[in-house]
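Okay, so subunit A shows up in both of these, paired with subunit B first and subunit C after.
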Partner chain A sequence: MLTFGRLSQEQIVFGLAVLLCLGFAVALPGFMTTANILNLVRSVSILGILGVAMGLVVIGRGIDLSLVALMAVSVAWTLNLIASGTSLPQALAIGLAFSLFVGAANGWLVAYVEIPAIFATLAMATLVYGFGQYFLYDLNVVYLPDNARYLLWLGQGNLLGVPVPIVLFAAVCFGGYLFLRYSRSGRYLRAVGDNLAAARTTGVPTRPIIMLQYVLSALIGFVAGIVTAASVASMNTRIAMSTYVYDVILVVVLGGIGLSGGKGGIRNIVVGTLLIGVLLNGMTIMDIQYTIQNVIKGVILLAAIVIDTVVNPRDEQTAQHGDI
Partner chain B sequence: MTPILELRNGTKEYRGVPAVKDVTFALHRGEVHALLGENGAGKSTLTKMIAGVVEPTAGEIWFDGDRAEFKTPAQALSRGIAMVYQETSLVPSLTVAQNIYLTDQKHFHRLRGIYIAGQQFLQSLNFHVDPTALVSGLGAGQKQMVEIARAVHHNAKVIIFDEPTATLTPEEKHQFFSLVERLKTRGVSIIFISHALEEALQISDRITVMRDGEHIVTDVTSAFDREKIVRAMVGRSLSAELYGSRKDRQARSSGDKVLSVQNLSMGNAVRNTSFSVFAGQITGVFGLIGSGRTEAAKVVAGILKRDLFHGGQVRLNGRPVRYRVPRPAVRDGIIYVTEDRKVEGFFETMSIAENIYLAAMAGGRSKSASVSVSEMNALAKEWIGALNVKAINGDARVIELSGGNQQKIVVAKALVQKPKLVIFDEPTRGVDVGAIAEIHQLINRLADDGIAVMVISSYLPEVLQLSDRILVCRQGRIVEEFEGGKADEETIMYAAVH
Partner chain C sequence: MTTFDAMVRWRYRAIPDHLLGEILAKRWIDNAIPLLILIAVVAVFGSMIPDFFSAASVSNLARQWGEFSLLVLALMVVMVAGGIDLSVGSTFALGNIVALSLISVAGLPVPMVVAGTLACGAAVGLVNGLLVGYLRLRAFLTTLVTLIIVRAIVDMLLMKYSVAIAGAFIESDAWYYFGEGSLLGLPVSVVISIVVALVLHVALSRTRVGWHVLATGGSRRSAHNVGIKVRRTICVTYVVSGTLSALAGLLFASRLGGAGADTGIGLEVSALTAAVLGGNSLGGGRGSAAKAVIGSITVMLMINSMVRMGVTSGANSLLLGMVLLAAVAIDVRWLKNRHKFLSKVYVSPTYFELPPAPSTAGASVYALNDRLRPVEAIGLNRIDGPEDVILDGDDNIYVGNRTGDIVRFLAPDYTTQEVFAHVGGRPLGMAFAKDGSLLVCIGGMGLYRITRDREIVKLTDETNRSWFSVIDDSRLKLADDLDIAPDGRVFFSEATIRYEMHEWPVDCLESRGNGRIICHDPNTGTTRTVIKNLLFPNGICMTHDGQSFLFAETWACRVSRYWFDGSKKGTVEAVIPDLPGYPDNINRASDGTYWLALVGIRTPSLDLALKMPGFRRRMARRVAPDEWLYPNINTGCVVRFDEGGRIIETLWDFGGENHPMITSMREHRGHLYIGGILNNRVGRLKLKDADPAWTGPDSYWRRS
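Moving on to the complex of A and B:
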């Protein structure tokens, strides 16, 4: 939102990222090299892809806490199937179908049963994780079988000198941008997030659109999962119960996509991802402890939100409904 | 005698737009002071400044001879200024007594103690409310009694009532008036905001009229009559200009029966009501707030669902229809234009063009699955021109427009869906005077073009001016039907309240 020369949160965060970049560039000798910059973006591209998935849901005034769990379980099952002899396309199709099915179940719970998204997806995350452990694979860490080593290219290869995860991140962003801006469903999604009652009265098919949010989130999550598995040649399903999903929300909120829905776009996710990337990379080079890194991340998030609230105060009139 | 409360040159601006401009207002001890004005005249903002809900942009508040600055409602309350809101501010899941003693200082109460105290206190006020009853189970009138009891308990010297009688039944109103008398004898000063002029004339000692955020006149009640108040409220005898031209026009004859509703029921709001709407004419629906007119319209448009059993029948062009969601209704050409545009009228993060284009897509008027920006801009330009929207271009955001222009966008959103039946619910609420005339013209044009138009309004002159047929709604039912030219204000009002 560019309103009358005020800075939006997106611009503040982008400025912050640039400032940090400059600071690191001056203070840390190895920071401003092409290799390090590529490494930096590569390291956050999975986070960025997940950010796009979460962002689409949040723009539609929902939230998907099952994103990471679903990604881990569906990809782990896919790897397990390959290891037990299923052909690669078949295994991918089964994993993807499972992922989409669970996404649709999320959407159905939120849209038709009208359970708040935060509860529906939280419960779904636990359910999927447990289901996966009991039925789909035996060990917490599922390794990429040797007969599928060529998948590694997706996580570790280069395309025209650019690491493939970065290319995929860019492709997902571009797809998300086209969807939000140029597709009918994308417009509907934003309308549903902005004002559900108005969208309904206007004749927008609100429930199918809410379903679509979660299905898209599951789809993009599956892509992110495959890239993850390809990067480290395994899928550690314990990630499902970690705080990783909150990092994803951090990226989305930090970039300026309001949790109240309707606001922001793909650009916000890219900016949020970049800030986190710069921050993590710089801190890693400086050899800061992991626990301290968490503290710094939290402080940065709070600071961004506080600055946004100060620079763009809540409109008094919309805050108080009723007669003037 | 100094007034107990005085606002001197008070101004309140929202985003640079003044809601109250340089108003001086004085409240004497023990008087009932009626504050009158149209929607958006600034009455609520004025009282919110006094009660500490909003801070004045400029001006001073003097209370009991001292300069006072209230930063929060709690501060104002501690000095003895209490506000009783339109929507009650009680906690529904607590009992009556708990609500009355809610903000007392002690951390722990014995429930029995406050029930006994509450019983005595309510009796001393002559309120027949059970202190152990849950607030959620009370009627509107009883809730108001609890609010008032709470205000009195806080030793309120000034009580502000914002539209207290809007939700009350006639007996409850009567009780309320006698209560006001009793408060007066206790030396409490009362500010009374109302749309009902008769009530103001009946119970107030003095009357202040506001218009467009400005103070117009203050005088003792005996110096006023209904007409004088109305003149002060609308000013420049605009009402005659806007609403008086009806006489010289013939009522349109009815075309095909587009909508036929039989025995429609929905909960307590709509009770077994029947009516029809015809093509090529305007059917006005008049009813007081809470008479079920909005709910009936929303059932027709698929926004609300009628009762599953004995819910009645809705026919569109003779074909029975039952919508579970608004989308098929929109596709069939039934468009409902909301009374509350901020809540369900438009998308505030979107531009004018995006709003209109979205409606065009949802209405099935644009078939392709992808968005055409050039089509979107052309559509915006067309409607901005057609409805004379005052905006720089289609990229302006709707939230930044004035009320009248926002309403035009909401109307454009409806018309772009090519309706067969349009239901306007309070089409000119919170709309500036110039835009009212334009919206009325537009509604007339629609009917001339052969579209079935239904206009729901609680403003009688509007209904009289626009309608070719007038339906009167009361307690969930259409109770009476008049031909356009045949009815006057009194007969319609009589049908609506008795």
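Moving on to the complex of A and C:
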């Protein structure tokens, strides 16, 4: 970790988020209202759940660019199934199974066929999006059917006064923390991300572990998708081809999880989510143009990657070949 | 020969198995799979779509292809250097909007517009290059971010200028020429992209910058270690990429003249698919303009045909994704397993029958004896692998060694040694020319001359390429031994053209006749192959008539004579057709006969195996090289024979107790000096009946 004195990157980002929060609170009249804070946290929680999915993969030295596309397509199919009369549990099961299958396919391509993760998942995103459009649904936006209105609770309800998405975010974070900290697979995953060759030499089943990364990512992505669908009562499959997935990467990298794998944990994701959430929300309230928001996000992501490179320098002698 | 043997022999004559391995070893074989895919795509869509091949359809497609292939070429340049540029689509859109703004809003003249647009693209490329090259960020994420930022800039420009662009009328023929004109019957965009492809091809294959790019992509670390400015090289590739993308955008602007929000969206995925489908390797090092062109045509045809067949955009991206995955999967697996596959199919033994081996017992001329027992060792343990030995007029000994030196032992006691010249490679056969300079065959390098002043001059490292040989046989892989004709022509043997020096046992396993004898004429500087398809030609020695030479074929266990002048010019005649062992060097003896070294003695098992090519192939494929049948090369002897092929005497060291491992011998002033390629000494034997004044250089150059 990069340390400025005794500060880690995670602490710096957290401090920035707090500062930004204070700045917005002073400068923007609508920022510190309860409604806005709730809105902020709710929108951020979906990004956070996706961040956990991406974080797990990145810790294992992979990357999952099909996360958002898979989420959109599998949930859109689920909604479509419900609308066409399938019972809710059955539809959910089918959607989840599809999602897990594609996740496993990703993992297989990366672990066994040895396609670089970036390409395997990028191609898979395109493929899944096309598959969905051609076979699974007709419209870009699939609405939540009336007979599943109670799903809305997941996105808009409250549990003990806390919005359910936030509860789910916390639950996913807690689950991810337990997985990484206490389960054997979780520790293997970190080992694989830290040094694949060493992990293999010591007897870690590296290929199944890599597959597990992508299956987990697909699973958590599906949860995030259901929450998204519940929040806005629809699933817009166009986000599959948008830059949303880079926001997720932004959360992960900004939080301090190095792209070279093996470093960081769930706390980094929470911190990253916080900063991005505050930033996006503040810019929206300030009514900054969408394109300019993109530029700002891009510049911040670039800065995050630069810092990541400075923290985990890639030396000419140690850089891995074909690592792009 | 039994009928079965005859059938086996004809089977291996009729089917040239070795060609498969040679074809697979070619670099251009990488292009074969992409080309096949392209042909398949043309065949499938050509039969499904009516007027697929009509002039209008082709010309329309060609224009679009011109723009698209520029993008793919841009991506290829970056990929070859080991990076990736996802911002090509956005830069394309930027080029489009900038060109339109400059021509219609700013009203600049066309050359200025072109310059401005290209500069814009180069600037985007420079940003990428600085970030990825100099700051060493991860190429994928970095160019992804620049993709987003540039796209946002394009959107801002669109908001500002799209109305003005739509309303403006451009009065410039030059401007429309880019998009609608033709040159030599081809659309301008096609001409431009062909020119760019040619320039890139020449740059990558023939220029220093291009080699640096390829080296960087092949192994960044090694490139850095040999002193290539890796960071600058990478930066340059991104600048090239940005410029080409903007150029494509300019062509697009001129053709359609409209600025839409969806220009260039998703183009990077198509371009990436095309680049990978063409066979450009992810991670760098392998790629060419030809590959980019093939891939771009394939993807262009696929996308376009899908649109024309009226399939939805979903099916389009489904197909694109599947093709990308399949292409990358094939690419990755092929790269990983290619050498394994190649090593399995490259070795292709053929039928070869040796005449029965003469006995080495009893009254045979080859009968075992102990005549090498008194051999004294020179430079014991101080010389590593003297394949050949030669002495000059002042009695100094010259030998080559394993580390690429010519070592000189100084007369008279040969206790002092010095490196006469460091030539590199593996010095093998040697001969003194008339002017006293030493000519050396160097394995892996070619034919070299070392003058008396120790100046090293390359005589030749190539010969004429055969017309119908698949592998490039113009380079010398394993120059072995040489001798010099009275007129100065140098005849030297090249043991095999299919294997490197250290793989010589594999050549025996093949016994195909991969060797040749080559003539280098220093008077004209030309080099020509004179005899081909020899079984590991090794020693060469001029006969005394000045019109012919004797040469030994190691795996064929025979010595033959070739006439290069006189009435029998061009003919080959067997001198000793059936040796009991594997012959190596031949040299003159003082009484007009010849010395021949047998490096090892034949074994019945290997002789039998030579008649069973299938068995040898299975052995090469399934058994570890350590367990193969090898020719014995440790128990040898020295043989003296005359021009008629009569064996005069045989010198053995029974049991190999005093001097094993013999590959050469040289008579000099009543002594025989013995070398061995795996030996650690030079042997010296006093000869009883030899002329005590006779020396090799005298025999060659004084008498005539």
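Throughout what follows, the second predicted complex is superposed on the first by the 291 of 324 C-alpha atoms of A that agree within 3 Å, B and C clash if a C-alpha of one lies under 4 Å from a C-alpha of the other, contacts with A are read in each partner's own complex, and residues count from 1 in each chain.
By our rule, a residue touches a chain if its C-beta (ideal position, glycine included) is under 8 Å from a C-beta of that chain, and two chains touch if they have at least 3 such contacts.
From a predicted model like this one, the values you see are computed outputs, not experimental measurements.
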Considering only the touch criterion stated at the top, classify A:302 as touching first (subunit B), second (subunit C), both, or neither.
second
First (subunit B), second (subunit C), both or neither: which does A:267 touch?
neither
Touching A:241 in the superposition: subunit B (first), subunit C (second), both, neither?
second
Return first, second, both or neither, reflecting whether A:127 touches subunit B, subunit C, both chains, or no partner chain.
second
Partner chain(s) touched by A:259 [first = subunit B, second = subunit C, both, neither]:
second
Of the two partner chains, subunit B (first) and subunit C (second), which one does A:194 touch, if any: first, second, both, or neither?
first
Subunit A residues touched by each partner, larger count belonging to subunit B or subunit C
C
Touching A:116, do we find subunit B (first), subunit C (second), both, or neither?
second
Shared contact residues on subunit A, subunit B side and subunit C side combined as an intersection?
316-317, 321-324
How about subunit A: which of its residues touch subunit C in the complex?
109, 113-116, 118-120, 122-135, 241, 243, 246, 249, 259, 289, 291-292, 294-295, 297-299, 301-302, 305-306, 309, 313-314, 316-317, 319, 321-324
Please name which positions on subunit A make contact with subunit B in the complex.
1, 181-188, 190-191, 194-195, 197-207, 262-263, 315-318, 320-324
Which part of subunit C faces subunit A closely enough to touch in the complex?
82-84, 131, 135-142, 144-146, 148-149, 151-153, 155-156, 159, 219-221, 224-225, 230, 266, 269, 276, 282-284, 312-322, 324-325, 328-329, 332-333, 336
Taking the complex as given, what residues does subunit B use to touch subunit A?
14-15, 19, 39-40, 42-45, 53-54, 86, 301, 303, 325-327, 329-331, 336, 338, 342-350, 354, 357-359, 361-364, 368-371, 399, 413, 417
